[in-house]
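Each of the next two complexes has chain A plus one other chain: chain B in the first, chain C in the second.
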Partner chain A sequence: MQKREYKLVFTGPMGAGKTTAIRAVSEIETVATEVANNDREQCDKDTTTVAMDYGEVMLEGGSRLRLYGTPGQARFQYMWPILAKGAVGVIVLLDGRRDDAVATMRHYVSHFVEVVGEDHLVIAVGRMDEGASSLAAYNRCAAELGLSIPVVSADVRARDDVLMLLEILFSRVEMAQLAAATEEEV
Partner chain B sequence: MDGNVGRVERAMLKQYLNELLATEHGLDGAMFCTSDGFDLASTLPGGVSPETFAAMVSSQFALGDALCREVGHKLCRDLVVDAATGKVLILEIPQTGRGLVLAGVASTRATLGQVLYACRRVAAMVGSRVGGM
Partner chain C sequence: MDRLFSQTAGRSPTLSLATPGLTPVDESLVKSLLHVFAGRTRVGWRHVSGADADVVLCIPGSPFAEQARHCESETGRPVCLVLGDVDARSADWSRTLHRPIRMREFLDALEAIAAEIEADAKGSGRSRAPAASDARPPAQTRSLVEILRELHHQDDTDARILRINVDAHQLLVHLPRGRCYSVDGFDDGALADLSSPYHQVSVEPASSTPLGEAGASEQWIALEALLWRMGLLGRGQSALGKNPAHARYRLTCWPDLGKIPSNITHVRLTALFSKRAMAIDEAADMLGVSPDAVRDFLRACGCCGILEVTQPMPVATTRERESRRHHGGGGLFDRLRAALGMGH
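Coming up: the complex of A and B.
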């Protein structure tokens, strides 16, 4: 079986858990670019990622999954195309407690669907157990965008939850590739 | 959002910037910014957005740190980005807990060693003035 390298991007707003998600599953010591956070109005945490996160997961058969995390603040949006280049898929992480979570989803999905396509996108809403509303609003948002994208609840601190996101993404990618191959044969 | 840098400190940073640009003719612009990418004082070439430049400087410096850590060289002190029509220099401001960064935009007429020396000198002076703020 041929060993392959896959690139996957975690994106989402500041504080959504991109760094945490990559740390939860990475089998190498992650590369982080965290510095002191001066923007407490946007997110009240001590540090913030200003370039990227990086981690790796080995897949069955020896293939390697390279995980990249984007910075969350709008001023670092220039990093998105740099990090997304060659990515097989994108996982959008959202903080379900935030009032603007659905609008934020629309912003990220509208951008990344153009980069990787809807079959290569997964939405994960975090902190659903802390008073957030149901996933219905996020599913409505996807429908309004005319997209069929899985929206799931996930605690990115939990390795199993992050692995679940990777599985969902890869199963969609494989199905899309299968469908494309079938179409070519026909 | 400003790295706890007040109006007086910003004015002082601007003064250092003006003096640096007045004496180093190879520099087309320079900026002091926070390590998370907020502009504190800047004079940049026309058309360069201070907000975007500050964000990019912070990303580059953080990547420099990550790169140096990866090869066991501890933390990055300076970065020199050499381009076809000039250079960009990024330097830590010592004694600020890696909270502040100085970036310079140098033209092809700049002598790298001279500009780097001048920027390091200013960075050291600023570090001794605002360190521990």
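Coming up: the complex of A and C.
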């Protein structure tokens, strides 16, 4: 079997949990490019990622899934298309406590849908228990963009929640392919 | 009576009968008559508490009767039969049984309804099935599911707590958190019962109880999770009933899979039905799951208010459907699942 390499991207603003999500599923010690956070206004945490996070999952036959986390700060936005190009999927992580979470979603989705397509996008909203209780505003945002994207709540500190996001992504791509194939037959 | 008491050959199908609001005496009489009729009628009959009824026997003018009549007019199910006094036949009710209940009249009514349901099933090419719909009873007789669904979709984030009285039960809904609490808990039996449309439901503001004060925080269940479970359990609540056999369904958005108790089949069905409109049998064939599993899923989506019904399409042949089936195993995503230890 030919050894192949696939990539999966976790993206989102500072403090949304990208590093944590990658750590939850990576089989290797994750490579993080974290430095002291000088942008406390945007997010109150000690460190932030400046280049990217990196993890790996080995597949049967020697193939490998590379996990990338984009830097959260806006000034590193130029890296997004570089990291996302050819990715199996992109998972956008949001902080549900923030007032601008829906606007942030719009910003990220608008950029990444151009690179990977809507079937390869999943939106995960964290800290829902501390913020708004409903995902209605996020779903409305997706509808306004003319997209049908999964929007779910998730706590990426829990490995099961990260696996759920991956299952949603995998199922979504598979079912989109299946639906497209049957549509052609019809 | 000979015709009525002739034993039906082979195993007959069974219909369910609910008797909400009847006096204990009348209910006991109905149950005992059903027992007497067992094996001697066109179809089998069983008495149920109301959550999963094909036929409802109730008192005209009661909220149950109005609710059942509305559901029947919207979805064809349940069939409504009223129990009134001898001179109470009203033009409003097409099927009336007179009090005191007489065996012959009751039997004739059940046989007529069974024949009607049978004819209807033949006409539509399928048996009546429990289903999900957005049937909307009059505001004053809204079911608990409809009230909870409306609250779930409300954007209002004022710190408000509502008390919902469901017969003798009380639920608290914390609107800002979108969570619900019941001192009785939410086991499957309680939820199946609460999902019945035959309860008297009223809503009132409650005092400003902080989340958790009325019970441990884990006892407050997310509204969407509650609606989802009620949809899975409450087959009588909302029916796919009057939809044509090959109606196609589509999800308007994804349910919050982070909150609802979902499994991998639910994730795949969500992915499928959110991608394009599809008939139940078609989706079942594609994923290799039972049509009942698809119906349960759609009913849960209907309860959460994210299901829409579209026009039926010509049915694919079995061979065509087989060729469309999703064959797992060996693909990239199955290898990824295996590497990540994700069970199927």
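What we mean here is this: the second predicted complex is superposed on the first by the 166 of 186 C-alpha atoms of A that agree within 3 Å, B and C clash if a C-alpha of one lies under 4 Å from a C-alpha of the other, contacts with A are read in each partner's own complex, and residues count from 1 in each chain.
Everything that follows uses one rule, which is that a contact is a pair of C-beta atoms (placed from the backbone, for glycine too) under 8 Å apart; a residue touches a chain by one contact, two chains touch by 3 or more.
Note that this is a predicted model, so its numbers are computed, not measured.
Using the touch definition from the top, say if A:Pro71 reaches chain B (first), chain C (second), both or neither.
A:Pro71 contacts chain B only, not chain C.
Which partner reaches more residues of chain A, chain B or chain C?
C
Touching A:Met79, do we find chain B (first), chain C (second), both, or neither?
First partner only, chain B.
After superposition on the shared chain, which partner residues are touched by A:Val152: those of chain B (first), chain C (second), both, or neither?
second
After overlaying the two complexes on chain A, where does the chain B footprint on chain A coincide with the chain C footprint?
none
Taking the complex as given, what residues does chain A use to touch chain B?
Going by the criterion above, the answer is residues 31-41, 48, 50-52, 71, 73, 75-76, 78-79.
Along chain C, where are the residues that touch chain A in the complex?
152-155, 157, 175-179, 222-223, 253-254, 256-259, 264, 267-268, 270-272, 274-276, 286, 313, 320, 323-324, 326, 331-333, 335-342
Can you name the residues of chain B that touch chain A in the complex?
So the residues of chain B in touch with chain A come to 1-4, 34-38, 51-52, 54-56, 58-60, 62-63, 65-66, 70, 97-99.
Spell out the residues on chain A that touch chain C in their complex, using ranges where they run on.
So the residues of chain A in touch with chain C come to 6, 25, 27, 57-61, 63, 65, 88, 119, 124, 128-129, 132-137, 139, 142-143, 148-155, 161, 163-164, 166-168, 170-176, 178-179, 181-183, 185-186.
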